[in-house]
Structure formats: structure tokens, C-alpha cells
Amino acid sequence: MFSCLSPGALGLTLDHTDAVDLASSLGFGGVDPDPSYFSSLPSRQAVVEHGDAVREKGLRWGIAGLPIGLDAPAEEFRQALAQLPDALDLLTAAGVSAVGTWIRPMHEDRDHRENWRLHVGRLALVAELLADSGLRLGLEYIGPKTFWSTERFPFIHGIREARELIAETGAGNVGLILDSYHWYTAGESAEDLAGLTDADVVSVDINDARDDRERDEQMDLDRRLPFATGVIDLDGFMGAVRDAGYTGPVKVEPFMKELAEQPIAQVLTDIRERTDRAIGAV
Amino acid sequence: MFSCLSPGALGLTLDHTDAVDLASSLGFGGVDPDPSYFSSLPSRQAVVEHGDAVREKGLRWGIAGLPIGLDAPAEEFRQALAQLPDALDLLTAAGVSAVGTWIRPMHEDRDHRENWRLHVGRLALVAELLADSGLRLGLEYIGPKTFWSTERFPFIHGIREARELIAETGAGNVGLILDSYHWYTAGESAEDLAGLTDADVVSVDINDARDDRERDEQMDLDRRLPFATGVIDLDGFMGAVRDAGYTGPVKVEPFMKELAEQPIAQVLTDIRERTDRAIGAV
Amino acid sequence: MFSCLSPGALGLTLDHTDAVDLASSLGFGGVDPDPSYFSSLPSRQAVVEHGDAVREKGLRWGIAGLPIGLDAPAEEFRQALAQLPDALDLLTAAGVSAVGTWIRPMHEDRDHRENWRLHVGRLALVAELLADSGLRLGLEYIGPKTFWSTERFPFIHGIREARELIAETGAGNVGLILDSYHWYTAGESAEDLAGLTDADVVSVDINDARDDRERDEQMDLDRRLPFATGVIDLDGFMGAVRDAGYTGPVKVEPFMKELAEQPIAQVLTDIRERTDRAIGAV
Amino acid sequence: MFSCLSPGALGLTLDHTDAVDLASSLGFGGVDPDPSYFSSLPSRQAVVEHGDAVREKGLRWGIAGLPIGLDAPAEEFRQALAQLPDALDLLTAAGVSAVGTWIRPMHEDRDHRENWRLHVGRLALVAELLADSGLRLGLEYIGPKTFWSTERFPFIHGIREARELIAETGAGNVGLILDSYHWYTAGESAEDLAGLTDADVVSVDINDARDDRERDEQMDLDRRLPFATGVIDLDGFMGAVRDAGYTGPVKVEPFMKELAEQPIAQVLTDIRERTDRAIGAV
């Protein structure tokens, strides 16, 4: 595994080139790709060269967002499919090898069975198209009850169903985005991660939770930095990730606005140190 | 359809023979069977004669409870299966033609997919055994959010999934128990009942809801008598039931303790009149 | 229902305008649309006018082929989706209201479960896109054992699974293409068609089978004209279609090369008479 | 793994005590339990002592047949469940730890989806009851096309669907009975066995096939002894079994009547040697 600087996950507004420089100077192992930067470059060759330059700095790519909404209306989904090859070409030109998205854990009208079929069908198709481009797909399940219980039909909000969904797609290039925050809010333990292999995990997020709220009261967008409160058993979580032989990016996604108000180098150094601690590199 | 006196649903403690007499004298069209009374009779022949006597009073049978917990632990379910023939024989001796149960709309550990498979598998088996005895099975879905959202994994809590569950059992003798309270709390409309036939409905419950609570705040065990508040569109509900060509029992299940404190004949007369109004017989 | 002239189904090579004229002069109630003819017209307005002209001759449209392979490789499927709006626009300009395709009843590598998921997912997506254009989709299941048993994994080859597939798409605009030949080779009876409504059937094909072969030896592409041998109970089949309240096209699809060698008017008159007999118009 | 003497699989009629003695004297690692022998013993204690005696000879138990037909009519299945505790108690008294059954790979009336649900539901229930008794269940899929293609609805006839079925039961005590004959006739390779662990395999059968027939012409009950013809890649098969870390019984199930006509010790010595060769102990 390697620590990955993801400005978006940190709520920071950074030019992509600055993010690359900071990731390099502050000792991160990687940085998230920025498709909008890639598309601003004058040619495909320039994107290839940018990827080369990032690698030459010793950095690996994190994951990009899947440029398609899995549960969008059919026509919107169709249009995203029509445009998919161009979007994927930019990513592969830069050397990016994985994209990710999350599963909306509820729906007002579509019940669990209907939503399951929609996700299986669309995921299978998207996964095959990604595989044609050599890309993997990471899927993140969302744990907080304050989120999944807000509409009529709760959907996938735990690891077992997320893994069953992936299995049903029949795809070999789809895995989980494991976030300690969702793992905790879903009431899961290290045991729930047993048996995972590197092929089953595409990205790992580490976060802590507020210590003045019960598990079922935690809010998805109100988290704490890893090791900040100790509410989440990050050692147990990362131990299981290590046992899986995981080799990909590890990042922090706290959704804390305060971070943007502090000196950037200081924030990122702190983030990098917490990530390294989680990885066990320190 | 016919109005059916169900003391249990009304929260009244009545000897079965008193219930039969009251149903007859107060103008109900039927009465719920009481398996414990049946088993207290000295012989199977006595049960047959009791059934004959009830019919001679012009009464039809409502439905009995399914003597088996669909989601019980395996060994408990196995034992109930072992004892099922005797239980069913008592019912058929009396001339009862349908049993019913409800679907628990959530589970703390079993997620939706796991719970679905458990229900399909057990329902299919039980339905075939009931069919061997000439019995139909009614399944009631439970609508209130204050119920289905209380454990980690919400399960069936609307008519679409309930019907899909029944379809997946492949059984021809399983239908719905339609309760206006669940239909309302599930946010359903007459349109959701379109296309139903008499074969799809085994029993109908009519209730109203409190008018000082929002739909998602209604409690399963705190209801109102039909037409009491007008919160539930009983005319729309019963119109759809009528369009389905429904021929079975209609009863009131208010879970109101106050009823037990009032003069029994007065309570039952009121219940019968409200039921008749719903049926449209008045 | 109405008799529909479908040159392709008859194995005849007819210019679309000749087909329209012959359908009109020989007393058919409709004619199949020809998308390649539509796209040869100079403008969308010309297609609209062609549709008007056909209707003015008293003809209704049969169904066009779905311009997308449901089980194509992902990239091919994606490309067909990208081009779908243009293809559908031509059809709707002409006033066509339904398209159809068939389900390949076996696969060498994809087992039943995998194939099911692929079909559910893609069908749901395609159906929603068709619905956006106001089009219905007819699905034909294929009955002959000499077909479905030729690869490792047999797939849908009967009406029950075909209907379950349609139900799982959740689409209101998908129905069956019922072909008496598949109904017969699938070992089905009028009972299997009970409960169908007009909404469940998009098109009807009538054919007979060879009388020198057992049911399981019948070949998909070696059929007989309706009423030719009496092997298939066309009266039972069409009686069930009538009971469903079916209002769409009825055509003959014999896959008999001999037809192309006979005088066209004579062949089509015979076809029209057989179709009318099946419909019961004579 | 250990070589297991299974007289039934060899088509030999042996008293259970003779089988135990021969297994011991001829160097087998285990022997199949014989429930009818167990039930002939005068007491549960005698069964316990028999199990002790077998273990003292250095023998381990193979697997017993599951005393219940998974796809029996509901009433027959119910009766088998009613009697299950007694049957399992005999097995556990003797120290048997696993039972096994096979999946009928086709059905004349029940289509794939219906059959799947029946198997998932009943398997889940039976597996939980077996788990309560500390028993594992082995499931054997059947590969020959000459078998699965003989009725209207082919069912599970390959390892992928067999594993998916097991996964859907949610049971931790159900695994495969892997038979090289089914693996070969299903067109599978060592790759299809990749990723299996000891927990996924309950028993292993090794057989060879006739060398004068194509794969799709092989008959289920006309096999050859392991290594007899070389048609089946037993080295590839057993290599994969070894990679899975498999620790259970390995036996030969040739369905060859000729074996019963040869001197028993000679036959069993040959069988034991072939099994040892497959296991790699020689």
C-alpha cells in the first residue's frame, strides 16, 4: 500500500500540478489523478508525458472518479456510455489503472430488488468496458444509518451485500473501496474483512468518527482525522487490510472544512503522517 | 367479501363460543377460527361438528394463524414442520380454508438478500404443504417506517416486494393480507393495488391512522378505527379491493386497548357497522 | 389483431414499397416497417409522410427489429446504444410503435445465472430508452430442443422464464412475441398462456410443424405453413391469444425457401388467408 | 487427504465390518460410514464404541449419504426433516463429520429458476440443521451432457453454478464433492478450481473416462479407473485439489460392474494404489 494525496477527499482546492509537487515533496507515495487537468492538456501525448513525469517523481496514481452515474436515468446513462471511450482514453494515457464510485444506500421509489437489478446490470456493462481499457473499478458502500434510513427503500449499506453485488457482475476487475468510516458505521469488525485478497480491494480510506455520538447517530459528512478520537478501531481495520495483501492507495477523506483554513503544508504533513501510521510504515 | 369478527385483532379476550354467538347475533358474516378451542374438543369429529354448527349459523371462517414461524431458527422451524400435519388437520376438520402470517420487515444481522432467500425457501415449502391440505396462505407486509427502520437491515415493507416474494415461491395458494394501515404507511395508492385478483388476496384488514402524526411517524400498534380520522383513504383502498373481485374476510385490527374497556356488544356493533360501510354493504 | 405482411419472415425479397402495395391490395391489415427504406428517404419529414401514406392505405405497422444485440460484447452493445436515438427516431417518425428481438436459448460459456443477469440488465436499460421514445419491445423465446441443447449452457426456452425475465426488468413496455412454433416445441399448452393480457403480447407468429418428426426433433428453421400439417394446435393457441384480448399483428414465419419460387401474389394470398383463418376473421 | 474405501462407490457389496477390516489391512486411510450398520447396533453407546474402534485402527471416516432428498415432494421432504435428528445422531455418535449428496442436473417441469430457488431454500435449511449437529455437507455437481440434456430443463452441471448455489445458502458448512469425471465432462480445467480452499471441498472422487468416446458422449455410469485411459487430466485435477489445501477423503467411483467379479483384495489393492498415486503419496 502507499499513502495517496487526494485533495478532493480532503476538501482542499489545489491545482493538480501543485498537488503533484506537494505529494512529492511531503513524502506521499501517490496522488489522485485529475481528469479535468488531463483534458486541459493540448494533446494525448501531453497526457502521456504528464503521467511519465508523475511517475518519475516516484509517485503512483490513486484512483479517478468513474465518469458515469450508475443509477442515472437511462438516457443520461446512455450518453455517459457514448462518451466513455474518450474519458477512459485520457485516464489510460496518463497511466491511471483504476476508477471508483460509491453505491447510493437508499432510494425513495426503487425497492431493494429493483435497485439491485439496476446496479448488477449497469455495473456488469461498465466493468466490461473498463476491462477493455485495462481499468479496475472500486465500489464503496456507505455505512451510516443517518444516510441509508432517510428514504423509503434502504439499499446496500454493508460489506456482505457489496461483495455479493460485485460477484454477481461476474467481473474480475471490480473490487471494494474500503473506508474505515463505513466499516465502523456498518457495525462491522475485522472478521468481516477476513478472506479478502488484493484483487478484492481497489482503494482504502481511513477516517475516524466523532466521540460524542453513538454509531447510529454518526453523520456521513462529519468525520474526524484517523487516530483523532479512537472511536474507530483503525488498527483492527488496517490489520485486516494488510492480511488481504493489499497493495493500493490509502487516503484520508475526513470531510472537515477546517482543513482548508490551515496552512496547506502543515495539513498535508499531518495527513501523510497519519496515513503512514495506519499503513504501518512508521 | 364479508365482515369477519376477529377478537384477537380487536384486542378482546372472548371465548371462541361467545365470539361465534356474538358474530351471529350482531350480523357479522364470519368469525376467526380458534385452533386452541379446536384442540380442546374431545375428538376430530367434534371439530367437524363445530365447523358445521358455525356454518349453520350463516357464518364463514376468517383465517387462522400459520402455526409456524417463517424466520425461526432452523431447528425450531423443523419441529414446527414435524407437527404441522396435526395442526392443519384440526383446521381442515373445522372447514377452515386459509391461514396467515406476516413478514418481519427488518433484521439486525440478516441482510435483505439473505432474508429474501430464507423467506422464499421456507415459504415455498410451507405453501406446498398447505396446498396438500387444501389451505391458502395469506402474507402481510408491514408498512410503518417506525418499525422497519429499527434494525440494521430493513426487509420487505411494501406491496411490490411482497408480491415478488409470493411469485418467487411459485405457489398458487399464497396471496396477500392487505391492511389499509400498511398500505398507507408504505406510501401506496390505489394504483399499487391495480391488477390484483381474488386469487392474490387472502384477507383484508381495515384501519385508520392517527391524525396528529405524519405518515413516517405512525406507530404499528397505535392505530384508529376505520373512518375515525380520515387519514387513510379507505374508499380508495376498498375500491381497489372491490375491483380485484375480492371475496374473502374483512376485519378491523386497531390495536386499541380502550376497546376492551367498553361494553362488548356496543364495541362489536360499531366494528361491524364500520366494516359494512367499508365493504359497501350499507 | 390484424394480419401483417412480413416479407422477411416469409423469406421473400420485396422492395418495401412493393410490400406496402401488396399488403394493401391483397387485404392484409398491416405490414412490417423497413428501417433501411426509412433511412434511404431524403429527410425525416419524408419518413413522416411515408408513415402517413401507409396509414392512409388502411395499413398498420407490424414491428421492426430491435437495432441492438442484447448479448453482444460490451463494446458493441455500447456502440449500438450510442446510435440508438437516431435509429429510434426514424421508427417513431414513421409511426412505428414496437420493436422486437429474440432470446438466444443457449450459450457455450455463460451459464444460466450469468446469462440471466446479462439479459435482465441490458433489457432493463434498453426498455427504458425505448419507453422514452414511446416504443414497446417484444421478446421471443425459442423452443426447439435441437437448438437450445447445442451448447453447454441452455438458457430461456419457455414462456415461464421469458415472463419472469420481463418482470425482472421492471419495464412496463416489454412483452412477448408469441410464436406457435416455439410454444409447441416448448411443450406448452393453452394453459400456459392463461392470464396474459394485451399488454403482455407485442406480436404473434403462427406456424405449423413437420408431421414426420417428433417434437424434440423439430428444427427451428424447418417449419410448415399454419394449418398445413395440424401438428400444432393453432386453434388452441389462437384461442388463448384471443382470450388475452390481443390487438396487435399476426404474421407467418415459416422459413420455407420454396415460397420464394412461387408467384408472389399467390403466395401472399395464401398467407393472408391462413392468417385470417387463424385470427378468426373468416 | 487420505484414500478412502467406499464399497458402494465401487459397486461392491461388503459387510461394513469387512470393509473396515479390508480398509485397515490394505492400507487405506479411511472408510465410508454405513448408517444401516450403525442403526443395527443395539445402542447409541455401541455406535460410539464402533467409531472408537475404527479410529483405533488408524482409519478416518469418509462421508455418509445425506438422509434426505433435496428435491423430494414437500411432504416427503417434511417427513425426512422430522426424522433427521435420529439419523444425524447415529452419525455423530460414530464420529462422522460430513454427509454428501448430488444435484440432479435437469428437470422435466421445473425450469432453472424454479429449481434454483427450491435448492437454495432447502439446502439452507438442511445445512443449518447439519451445522447444529456439527456436520458438513458435500454437494456434487454432475457433468455429462448425456445426462443433463435428457429432460426439458437442464440445471446446475458445472462448478461455477454449484459454487454460487452454495454461496447463496449462506452456510459455512457446505462445500463441493469434486469428481474428476464431472469436472472433465463439464469441460472444466484446473483454472476452474483455482481459489478453492479446504473449506470449499468436502470430498474428492477420482475417475477416468472411456477413450473411445467424445466428451459430450461420455455416460455418467460408464467410467474407467483412475489413470486407466488418460482421457482425464488427473494430474491437473489433483494438483488443483492439493493447491486448495484439501485434507479430506479421496475415493474412486467407477461404476464398473466388472470389479465385483474379481478377487476383492486384488481389486481393493489396485484401487488403493491408484488413489495413493493420485494423492501423490507414492
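Letters are used for the chains, namely A, B, C and D, taken in the order the chains are written, and counting of residues starts over at 1 for each.
The working rule: a residue touches a chain if its C-beta (ideal position, glycine included) is under 8 Å from a C-beta of that chain, and two chains touch if they have at least 3 such contacts.
Everything quoted here is computed from the prediction, not taken from an experiment.
Chemist: Looking only at residue numbers at the chain C/chain D interface, is the share used by both copies over half or under half? Answer same or different.
Modeler: same
Chemist: Select the interface copy of A-C from among C-D, B-D or A-B: the correct pair shares over half of its contact pairs, counted by residue number.
Modeler: Matching more than half of the contact pairs of A-C: B-D.
Chemist: Which whole number of Å gives the spacing of the CA centres of chain A and chain D?
Modeler: 44
Chemist: Distance between chain A and chain B based on Cα centroids, please, to the nearest Å.
Modeler: 47
Chemist: Return the residues of chain D touching two or more other chains; collapse runs of consecutive numbers into ranges.
Modeler: Residues 114, 164 of chain D touch two or more partner chains.
Chemist: Under the definition above, what is the set of chain A residues touching chain C in their complex?
Modeler: Within the complex, chain A contacts chain C at residues 73-75, 77-78, 81-82, 84, 114, 117-118, 120-122, 124-125, 128-129, 132, 168-170.
Chemist: If you look only at chain A, which of its residues touch chain B in the complex?
Modeler: 111-114, 116, 145, 149, 152-154, 158, 160-161, 164, 187
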